[in-house]
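Same chain, two partners: subunit A is paired with subunit B first, then with subunit C.
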Partner chain A sequence: MTETAELSFVRRYVFSTDHKVIGKQFLFTAMGFFTLGGILALLMRTQLAWPWQEIPVIGKLLFGSGGNILPPETYPALVTMHGTIMIFFFIIPILSGALGNFLIPLMIGAKDMAFPRLNLFSYWVMVPAFIVMLASFFVATGPAAAGWTSYVPLSILKDAIPGSEMGQTLWVLSMMLVGTSSILGAINYITTIVMLRAPGMDMFRLPMTIWALFVTAILATFATPVLTAALILMFLDRTIGTLFFAAGEGQVILWQHLFWFYSHPAVYIMILPAMGVASDIISTFSRKPLFGYKPMVYSIMAIAALGFTVWGHHMFVSGMNPLLGLTFMTSTMLIALPSAIKTFNWLGTLWGGNLQLRAPMLNALAFVSTFVIGGLSGIFSAATPVDIFLHDTYWIVGHIHYVLFGGSLFGVFAGVQYWFPKMFGRMMSDGWGRIHFILTFVTFNLIFLPMFVLGGYGMPRRIADPYVYEMFTNLQGLNQFMTYALYVLALSQFILAGNFFYSLFRGKVAGKNPWKANTLEWTLDSPPPHENFEHIPTVYRGPYEYSSPLVSADWLAQDQYLDGTKPPEVMPAPAVSPAAGD
Partner chain B sequence: MTTADHAASNPLPGVSTTKFAFWLFLASEVLFFAGLISAYVLMRIVSPSWPDVSELLNIPLVAANTSILLVSSVTMVYALASIEAGDQSKLRRFLIATAVLGTIFVSIQAVEWVQLIGEGVSVSNNVFGSTFYVLTGFHGLHVLIGILFLFLTVYRAFRGRYTRTEHGGVELMGLYWHFVDIVWIFLFTIIYLV
Partner chain C sequence: MGGLVPGLSTIAGPIDQLFMVVLILTGIAFFLVEGILIYFLVRYRYREGRKAKFVHGNRRVEILWTVIPGLMLFGLAVFQYDTWTKAKIDFPSEAVSEVIAVSANQFEWKATYAGEDGKLGTEDDIQAPINVLHFPVGRPIIVELQSTDVLHSFFIPVLRVKQDAVPGRPSRVWFQAIAEGEYELACAELCGLGHYRMRGFVTLESQEKFEAWLEEVAARR
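Right, the complex of A and B next:
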């Protein structure tokens, strides 16, 4: 504590080892990339609504030399960079990077992460990744354009498309750095959660957010290295001429196997933390214990374990052995079971609860309902015969956005607004939060629900002008409608941004525990001091003791001592090894 | 300094925070090599023209080299045992022996590469070349990194940084070195013997 005052500005806010500061660094960078990814989406949808028309304002800025019109070779680059940025530079960093960093030590009762300097490094290794990916927008041949999946041989043959020149190499380099950051962060999270829990904080007293982040970190530790290996092979193919994925002798399908071995678990890396966040928020604002805590934990584990066995469901039309396809289909459908357990437990938590429809709660409820649509649509695409028709149509685009926007992003909206008071010491406006929510929720469904219809018509994804095919010309009206809805959705985000930044400076002072929640972070000042806890708390119970008959208040903090509560067994002090260089 | 210093309790007695995290790191390394090895296996199974490795590769030389690496694992075990017994000079000698054996291993591997390149086996003329250089190359890189850290450990040993009770650094060095050794046994088997 004493050394804090002496730390320079740079050590405190730039190269800080404080997990709370690193969490906020991830938060603000991710918000920047959310804006960029959104602009790319606006350009794409404008093109789909009115192909090859002059784009007002932005068009002059970006494509002034081409008559303010989107050049044909730019559209696939938009698709690629929108996906890459939203997944790897927004959703994963804001869930695992921002919420994970900020919450893990606070919620388990620790002073910081197990390895604060490694934590600092896992943010700062992202910075060159940001720079390299952004730089790829400015190379002459443009950024990568082979899709966020970067399928070979498109991504290997340099003369296939302009994006497969320098842009693709920069994409590969940036993704390797992102992977390194993920692995280092994940190892730190797992170690912290296993080793640094406060006395009495048994694994089965952890809040669901922590359980979700824990399982997510395990997924990241085991899946990301395989992507790193694949990226290295792609890099070598592109630079020194190895033949791993080359047409001819190389194995085109090998890339898909390695890529999806990572990227299917990555879907859970993107959704599990949001599930944890939603569980905590729904319990708090229902003033009821989470229904079926242990089944919720086991379901997360089951989803993660099954998640390693299903990657081939992305490859039904790749020419893979159909028998293999059958096993992938079966394992994929099994995931519906633990997912359904989670959904029913959320409903069970709400049932008979004393619901408080604050902005975080509304977003958490949106998470549950859109996740159901996303999950159910996934079962359709998991069935091989159905998928052969739906593959690469807008059905898939609708599905992924119901899971990643409807699921993860509403989870992010919920989580950021719920923990904003703890992060910054002030409240966000609940009224503006609700207006943002209702506008976003309605326009979200207006954009993405029609995608299932487009997919049913067979409209292919990643095509700049579907109307060159006569069979799709009747879909232009629907596409224009969706684009208008996107414009409203995009404008609505200014409400969120305005609410966020205004509240940062002028919001109502929050106090320690504005939501009357039970978990340990709410026992601290807002924002918590350096090293969080002056004295490590003792935990007496689980995180969801709302409306407990033991006390008159409708909440009972995890560290509140009641007469007759059994104190936890005190375990021996840790052996600290001298090699602990970090 | 780890935050473990402030932690109230250790759920895994006898396992330091650093050692626990190092095991996780090694697990991620296993998956990294699993990615490379599965690429190798797939490419070899489907390749119509895999060269006869017993003719192309100098198996006796590499077998001898493999035993050098195995011996280096043994010396590493003795290094750890020495410091556990509090014997500083034996610790230094066994660490140096391990580093020297490791250096011999990569040197012989370099010789093998030079020979093969001389015979016209390159990364880009067939998939055998691509997989061979990439797999052995990434393993060699891991050995090189290991040697660097071995020399760092030797330096620290000379500075008296390790004691009978406090020698986590030697322990982690040993874990890493054995890991690299095990990976090589796999690679040697699937590339040279099968």
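Right, the complex of A and C next:
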């Protein structure tokens, strides 16, 4: 369209309705928050290795007034903000916000999202969320400090911890905005995937990334309002003195039910898209069809459905009726099944493939191998009697990081490096990608595997100085080792950042389809033009016809017409340019 | 757990056994999956000009790797019921147990023992010094937990006991120690800036020593 050129810089790059621009906005902000969340982790682990000692370099900057030493009230704040930022401002925005926005229209053959202006709003409602959350670091009593779970009454009684003054109110406000953004994004994704698929793109021809984002959006639509409702109640308790969650008059444990009713599905909001990404990448670099496409799809659906029945596994020793522990244990054990099925199918995909171990593939394989540990370690915590001991120890910290760092983050590393050429038109260096991968993979395991040992000793999470306890003094050496490993891991991320930003300007020009992949986004220029497809493509087959005997090449694009290929049986209504309404 | 912390209560044995069962089963799954993964990476590494197998799946293996792990997981869940019931649902009768009230607040533990009349909540209750808890060995102990401010969690690793103390909502936990010794009680639920130093000192001792200690505390009052 000619008017595109006339759009001002602001309309094109700031308040843009182009899903690709919005995706990149999510990408860059999420990278910023990844850095911040990482710095918080460095401070925490430094404290755990050498409690109450002067912190070199940044100690003076941050805690100069207190002798460069971390003040005791700061540690709970670090724990809280690390979790909050990594989950709500990094993992969810980069998976659903960045990859979801960028990929959905491209992979289904649409010109944009169904509601481009809603999409614009879903990013810009995050901006005040960012600002409010960041501002909470600068209020006199510090940011929220009741854990990312914000259990009541600690998060409601203002004198219970300094962070429960202004910081917690800002946390609640920010989280409401995050929830709003999630819901808006989710509705848009669902509508787009249902309505705007190109002719021939049946649901069962969608790439797994799209399936995963689709089911994730459904999860978000159902789960997020519950969190928002709970946040409103908490806000009222904190501001006008209602007693919804107050001890005695209110229901202390109700907060935990509402919180986990959202936050357990939220774990799948954080992992399903990464599963989709890994499926696509593993198939592409195995040059082989995805093994068990339909079981893979049904597994995602099963995870989402069962995901709503397991929240009580966070509450086995909370005072919840212990009979419920039996049902929550059973459903939790069963939710391991679809994840196991997915793992077997990834292995099945590798079997008999022709494996190209490029950087995105290595990260996708790291996803599979560490997600296995994340999943299996969850079985211990699902087993209620065993969980009596493991609950709220470092076992859980190890488990969740194997799922969210080992799983989601390696999925992010894989996805960003895989689609980088499509986003920016240039290739990232594969060599530096591999070096980053090896360093991250090794140090990741050196940090998080020992957490299971700490958990085995019963070391509780969220304690600023474990060595107050005689029973944990022998763990300091191990904790120091883990902290050193984190330092190396943190430094390794500069390799990724360097590779990313250097390649942005100097990388090799990518061309349309550098990986010889089948899905529709690779039929477009890199980066794709405004409104993506000049002509909406027709889809003739599924996304994974690698090494098909029909052609001599080892790939076969979804939209490539072959003699004798059946045209799509039912032509869906012609996809309308969504931007036409603007 | 896993041999790292001695298990000194009657429930510790069954819990540690279940841990080992899960460890063995997940260990097998782990080595199987990672082993196959590594084998495939070597066996099917890239060779120029070779074409991968063109297979989309296999119904029979899908059924196999759905049904077998499904039954195992369900069985594993059912296998836990008994121990969970013993640990958290079936409480011993108060008549044969020592009932002790433990109150948690930022950042200390206060234990109250029944006096001569054997009942809590009466005049002659005995208040132990702050953060000091004594439990007789060889008979069931019922702890009535409460909190006066925020959530805390009563965690004695050697006894395999953990239960949240919820303000406004008393909870109970029971255990039976099987060996004497001095151990620690940790708060396992973030409760404020002093959470990390909310430490209790637990003495497991014979009934005689326990009674002597109680008398001494009562006399000091």
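Just so it is clear, the second predicted complex is superposed on the first by the 568 of 582 C-alpha atoms of A that agree within 3 Å, B and C clash if a C-alpha of one lies under 4 Å from a C-alpha of the other, contacts with A are read in each partner's own complex, and residues count from 1 in each chain.
By definition in this document, contacts are C-beta pairs under 8 Å (C-beta built on N, C-alpha and C of every residue); 3 or more make two chains touch, one makes a residue touch a chain.
Remember, it's a predicted structure, so these values are computed and weren't measured experimentally.
Peer 1: Which partner chains sit in contact with A:G147 here, subunit B, subunit C, both or neither? Use first/second/both/neither.
Peer 2: Second partner only.
Peer 1: Can A:V453 be said to touch subunit B (first), subunit C (second), both, or neither?
Peer 2: After superposition on chain A, A:V453 lies in contact with subunit C alone.
Peer 1: Is A:P466 touching anything from subunit B or subunit C once the two structures are fitted on A? First, second, both or neither.
Peer 2: The answer is second: A:P466 touches subunit C but not subunit B.
Peer 1: Examine A:V372 and indicate which partner it touches, taking first as subunit B and second as subunit C; both and neither are also allowed.
Peer 2: Touch status of A:V372: second partner only.
Peer 1: Looking at A:I536 after the superposition, I want to know if it touches subunit B, subunit C, both of them or none. Which is it: first, second, both, neither?
Peer 2: A:I536 sits against subunit B, while subunit C stays out of touch.
Peer 1: After superposing on the shared chain, does subunit C or subunit B touch more subunit A residues?
Peer 2: More residues of subunit A are touched by C.
Peer 1: Could you say whether A:F389 touches subunit B, subunit C, both of them, or neither, answering first, second, both or neither?
Peer 2: second
Peer 1: Looking at the overlay, what does A:F34 touch: subunit B (first), subunit C (second), both, or neither?
Peer 2: After superposition on chain A, A:F34 lies in contact with neither partner.
Peer 1: Share the list of subunit A residues that count as touching for subunit B in one structure and for subunit C in the other.
Peer 2: 249
Peer 1: In their shared complex, at which residues does subunit B touch subunit A?
Peer 2: 1-21, 24-25, 27-29, 31-36, 38-39, 42-43, 46-47, 123-124, 126-127, 129-131, 133-134, 138, 161-163, 166-169, 171-172
Peer 1: Sort out for me which residues of subunit A touch subunit B in the complex.
Peer 2: Spelled out, the residues of subunit A in touch with subunit B are 105, 109-116, 183, 186-188, 190-192, 194-199, 221-230, 232-233, 236, 240-244, 249-251, 254, 257-258, 261, 531, 536, 570-582.
Peer 1: State the interface residues of subunit A toward subunit C in the complex, per the touch definition above.
Peer 2: Its residues touching subunit C are 72-73, 75-76, 79, 145-147, 151, 153-154, 157, 160-162, 246-249, 252-253, 286-295, 317-319, 322-323, 325-326, 329-330, 332-334, 336-337, 340-341, 343-345, 347-348, 350-357, 365, 368-369, 372-373, 376-377, 379-380, 382-386, 388-393, 453, 455-458, 460, 462-466, 468-471, 544, 546-549, 554.
Peer 1: Show which residues of subunit C lie in contact with subunit A when the two form their complex.
Peer 2: Touch residues, subunit C against subunit A: 1-2, 4-5, 11, 14-15, 18-19, 22-23, 25-26, 29-30, 33-34, 36-37, 40-41, 44-47, 50-58, 61-62, 65-66, 69-70, 73-74, 76-78, 80-81, 83-84, 87-89, 106, 147, 149-151, 153, 155, 157, 160-164, 166-169, 171, 183-184, 186-197, 199.
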